[in-house]
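So, here come the structures, one by one.
You will see two complexes here that share chain A, one where it goes with chain B and one where it goes with chain C.
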Partner chain A sequence: MREAQREFAWKVLTYAVLLVATLVTIVPLYWILVAMTLPESAFLSTATEPRLLPGGHFAENFAALQGRVDVAILGVERVLGFELGFLGAIGNSILIATVYTSLSILLCSMAGFAFAKYEFEFKEPIFYSILATLVLPIQLLVIPLFLLMSRLGMTNTYWAIILPWAANPLGIFLMRQNMKSIPDALLESARMDGATEFQVFYRVALPTMKSSLAALSIILFLFQWNLFLFPLVILGQDKYTIPVAISDLIGAQRVYYDQIMVAAGLSIVPIFLLFLFLQKYFVSGILAGSVKE
Partner chain B sequence: MTGERGSHDRRTVLKGLGVGGAAALAGCITGGRDDTTDGGDVGMADGVTAWSWDVAAESLDLTDEPYEEANGGSVTVEQFGRADMKDKYKSQLLAGEGAPAIATMESVDAAAWVDTNGLRDISGWIDDAGIKDGFVAGKWGPLEKDGGTYALPWDIGPVGTFYRKDVLESNEIDLTTVETWDQFIEEGKKLPDDQYMINLPSNDYDGLWRMLYRMLGGQPFAEDGAVAFDNDESVAVARTLKRVRDAGIANDVASWSSAWFNAFKEGSIASLNGGAWMEGTLKAELGGTAGKWRVMKPPAFSKGGPRATNWGGSNLVIADQVSDAKAQRAFDYMQFTLASKEQQLKMYQEYGIFPAYEPAYQSEAFDEGHDFLGGQGAGRLFADIAPEIPPYRYTVDTPEVTKAINENFSSMMAGDVSPSEAVSQAAQDVADRTGRDIA
Partner chain C sequence: MAGSDARTGTPPSTRRQALVDAFRYRRQALTERLPELPGVAYVFLLPFFVLFAVFLLFPILYTIYLSFFTFQGVGGTTVFAIDLGFFYFPVQTISNLEFVGLRNYERLLTDRQFHNAMYNTVFILLFQVPLMITIALGLAVALDASFVRLRGLWRTTLALPISANLVAYATVFVLLMQEQGLVNYALGLVGIGPIPWFTSEFWSRFTIVGAVTWRWTGYNMIILLAGLQNVPQQLYEAAEIDGANRLEKFRYVTLPQLRPVLLFVAVTSTIGTFKLFSEPLIVSDAGAPLSATRTIVQYIYETAFIDFRLGYASALTWVLIAIVSALSVFQIKALGGDDGA
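And then the complex of A and B:
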């Protein structure tokens, strides 16, 4: 009896904590959704009652945002015959993050596989040197990277923000940890059956890593999605990504909070969808390799 | 609180590392300009680009075509968000590549930008043109370092107290007789509960503090760089701000939001201290209130005390990395635009950008009544204030002063510390975070 009571109390406590955590996470997002449908004076003034339900002002806010921001994407706007406004920035962000994630997943899993399953000279020092670059703050890298890209003739190109972090140290680390859990016997038997080294990697090792790859995709995608300082410095206004375009709404004499809310709200959508599709892999991927079975 | 302080410190350190490391790298990699012809007339480039923001960019757009017609070179103006432009430009100064020939620089940023060693010393050209004495004297300080001059002054922001005459009159308040903060606060108490005399936003105590502290001749840093604002003047300002809050005459609305503009439109906030340029901003955003506004000198701390101070003001700079030909074209345009009565008047009349170039003040345009101010001749009021504005010393650590004042004044407003404690603690915080002494 007492055991059951204690269990019940634990359950209540657990749910209470989870509920609070959920609220803390959701309320700011909900507030963005409400604010994007209200005129600025309705959500920013202490004079009016706080509003908890969405209003009908979204179209006006959206039109104002479109009028202020104008970002192009790969000449799509010329084909369509009209300007894309802020949607161009969303397009750029999706394009850059997608290409980046695909490329980076490939590089990270190959590097991770090599570090986990091959023996070569200076393996450990090389691995830890890569890992050490994790501590370099982005502010420190901006100027050298800008110079590098400038010398390569890549300023104001998408590649300028895709390439520098394509071999992502965190990704390499995660893939190495996960790849270690693949039994050597499995790879060995593939080799005995005549598989080339690439086939061993691609046909045997990678398929067992699905959930880790999904988790890493989200991490990489978000990393690129949130980059601000470097895109600001290296991209021209016609190629701005979401964070940079939003930041441009903060003028010297006017902060367009209503438009910022719309922009922030819209930019949640793609990332929300991504997480929705990959969420079942996400947690299992993070936990994979953390326990030796 | 301590946690916040901790992360603050770490960020400052990281930022310092970043900029320091970047500067070192930039120094190693770039061998200088792409055109190393030294001195002499190398001929001017055909066209240059200028970066700016908001109204400033639009003002430059007023003079680029006249310049092209008169002098033959083209100037392309690119407009950015202000903070974005600063980050982008400063990175490119440090990198030594990618920057446009001309950029707008606020005086408050001058120390940090000059410190990158990425700006061109234009003192020689300024001397050759003989234009230095034309500009308000207090403007040059932040633009100079070790004998070099790194910018040409553009505008200043002599501060006035703009107020809604109609709203105040209907509550039997007459500001024309008000000279001191004591009187101002007393008058403000006549307003009903849902109306406020002034806005005192809790995220920007620093703005009003700096304005009033400068009015009293205060300096945030001593000549040797020590933190110098823990003094009677600074405490007097803090005490006044606290009294304004406690008297219930101040609202708390985020500056520059539409709610903020709306409050001035409805008259629920009846006055606002702003640089001369504020008139243009109000006119653009609140056209419907034209004729209902007036402006006066900001209240003094004691009868007959000083009432001249400044808010804002920009300059134009040339990046050191551009070729001599481009730099010469850039300076030619800057001289045409900034050291010219005619062009400066144009910017003043169109956008209310108040010139730092004194000969412009002789123009009759400064005596004209402004419809927005019900026919009041605000130009002369500001032109009279301009030469009286005390100089002010900005340093690379000016942003730390802003943070420290805001943090400690929040505690003061909450009643946790006294005004003198808040000021002392703010000075101590700046000293701790920057490794400077306290004067």
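And then the complex of A and C:
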């Protein structure tokens, strides 16, 4: 009987811990959604009762945000004939992250295939020199990259923040690890059927890598989505991504909190959808990043 | 998760399986090695390597070079230009470059602001990393309990914060933790009261600790949970037979088995915290005293892009890289034991 009681107490404790952690996790996210529908004065101070339910001020906040931020995207606003405002920044972020992810996936899986499935000279030294760059804090490459980009005449272009991390060391590492598990005989049989080496890669090897590719896509997409420092120094206002556009709302004299709330709320939407559709890969994506041990 | 196709149980089709078997035999008979097709591997490698060399390797080496100079800005004259009409590529000199040898590195030794930034970063690190790993481990153990339902839902919800946009979340934390914000309101309900999260030197660092912990705990929990689920069940059963209680099982089975995963989490978290930039930047915008919250990366950013002292910033960068690498090696040695890394 005492054993059963102790077991019950342990269950209660476990669920209590999970519940508290989940609340702490969810409340700030929920609060963004509430705050974006309230006038600034209603959520800035809780000298009175804090508001925990949405209000009806979203349209005003959104209009204020659109009035302050003006981000262009590929001339789309000229075609449409009206300014896109903050939506332009969302567009830029999605565009950049998508192009970056696709390019990086292609490069990483090709190179990973080479390391996993061919013998060639200097294979090990090349691989480990690539891997060694994983330790570097990427923010610190900002200085030389900034100089390089100005010399290449690429400042204020999308390529300036797509190209530098397209050759992603983590990506090549993951693809090499996973592609090693493809049976050599499978590739060999394709060769006997007369496939070229590229067809072996594209038609035989890649299709077996679907879940690894999905996991890596999520890692890469989130990485680019959250880049802040380099876009901040290299992009002009017409090409701002979400983080840079939001940081622009934090002025020296005044911080536009109502607008930041709308921006933050809207910027969660695309990533939340991605999250929803690729949920199972999302977890495996995190794990894929940790296979190092 | 790697390569489900590696399993041998389910043949895709008999014809293919026959082929596979035939060639496996043939390959074993002829050679044990991977194909050596001259050139092919390099072709696959080339696109990656070009971008790697230009945008990663070159900047890294260039930073070493720059750290021996003082330097004031980009510009100068064009040496030559490739002009194809639609494509114009000027190659320019760097102006105002002066060789100073090791003087940038000497200056580090007496730079009070650098020491201060270093101190702040280490202070934040010493609280943040152990706190986060403890909570993440606790949550992973809770989720690993056999009776827990809806494990996937809990897990995904707890990992939600890493999908929140970095700058957006940092700003929201400023609001939640301001003098009259929701956090102080909630603390007030239980009689703790108002904590100056930004204006106090002491508390402003903990604001950063809290924000970073909120964002990354779920992420690390997922990694630790996967590690827990790999602990062989027999070990727990054996411990039970020996009469171990819950705490002893955790101490003598779980922790030793989890060591490589814990090591990975510790190393990546340490590197991550050393790289802190967005959070302290936005917290100091909100009025936190710079002397208390300026991190090392933030200081490098200021040196390079506000003061435009790129040579000195490059030297700072290399010192940081050295410290982070040394710390990672130290952690691997201290925690990893024989099977570490």
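By definition in this document, the second predicted complex is superposed on the first by the 256 of 293 C-alpha atoms of A that agree within 3 Å, B and C clash if a C-alpha of one lies under 4 Å from a C-alpha of the other, contacts with A are read in each partner's own complex, and residues count from 1 in each chain.
Following the convention adopted for this analysis, contacts are C-beta pairs under 8 Å (C-beta built on N, C-alpha and C of every residue); 3 or more make two chains touch, one makes a residue touch a chain.
Here the structure is a predicted model, which means the values were calculated and not measured.
**Q** With the two structures overlaid on chain A, would chain B and chain C clash, or do they fit side by side?
**A** After superposition on chain A, chain B vs chain C: clash.
**Q** Decide which partner touches more residues of chain A, taking chain B and chain C as the two options.
**A** When the residues of chain A touched by each partner are counted, C comes out ahead.
**Q** Can A:Gln237 be said to touch chain B (first), chain C (second), both, or neither?
**A** first
**Q** Report for A:Val17: first if it touches chain B alone, second if chain C alone, otherwise both or neither.
**A** A:Val17: touches chain C, not chain B.
**Q** Using the touch definition from the top, say if A:Gln279 reaches chain B (first), chain C (second), both or neither.
**A** second
**Q** In the overlaid three-chain picture, which partner chain does A:Gln5 touch, first (chain B) or second (chain C), both, or neither?
**A** neither
**Q** Using the superposition on chain A described above, determine whether A:Pro144 touches chain B (first), chain C (second), both, or neither.
**A** The answer is both, since A:Pro144 touches chain B and chain C.
**Q** In the overlaid three-chain picture, which partner chain does A:Glu40 touch, first (chain B) or second (chain C), both, or neither?
**A** In the superposed model, A:Glu40 contacts chain B only, not chain C.
**Q** Could you name the one stretch of chain B listed in 19-27, 235-243 or 271-279 that collides with chain C in the superposition?
**A** The answer is stretch 19-27.
**Q** With the touch criterion stated at the top, can you tell me which chain A residues are shared between the chain B interface and the chain C interface?
**A** After superposing on chain A, chain A residues 44-47, 137, 139-140, 142-144, 146-147, 150, 229, 233, 244, 247, 250, 255, 257 contact both chain B and chain C.
**Q** In their complex, what parts of chain A are in touch with chain C?
**A** 10-11, 14-15, 17-18, 21-22, 24-29, 31-32, 35, 43-47, 50, 106-108, 110-111, 113-115, 117-120, 123, 126, 129-130, 133, 135-148, 150-153, 163-167, 169, 172, 177-186, 188-189, 192, 197, 201, 208-209, 211-212, 215, 222, 225-226, 228-229, 233, 242-244, 246-247, 250, 255, 257, 260-261, 263-264, 267-268, 271-272, 274-275, 279, 282-284, 286-288, 290-293
**Q** In the complex formed with chain B, which residues of chain A make contact?
**A** 39-41, 44-47, 137, 139-140, 142-144, 146-147, 150, 155, 229, 232-233, 237, 244, 247-255, 257-258
**Q** Give every residue of chain C touching chain A within the complex, in rising order.
**A** Going by the criterion above, the answer is residues 1-6, 16, 19-24, 26-27, 33-37, 40-45, 47-49, 51-52, 54-60, 62-63, 66, 74, 88-92, 94, 135, 138-139, 142-143, 145, 147-148, 152, 154-169, 171-173, 175-176, 180-182, 184-185, 214, 217-219, 222-223, 226, 246, 260-261, 263-265, 268, 271, 274-275, 277-278, 282, 285-286, 297, 300-301, 304-305, 310, 313-314, 317, 320-321, 324-325, 328, 341.
**Q** Chain A touches which residues of chain B in the complex?
**A** Result: residues 14-15, 17-19, 21-23, 25-26, 29-30, 53-56, 78, 80-84, 87-88, 91-92, 94-98, 194, 251-254, 256-259, 262-263, 268, 281, 285 of chain B touch chain A.
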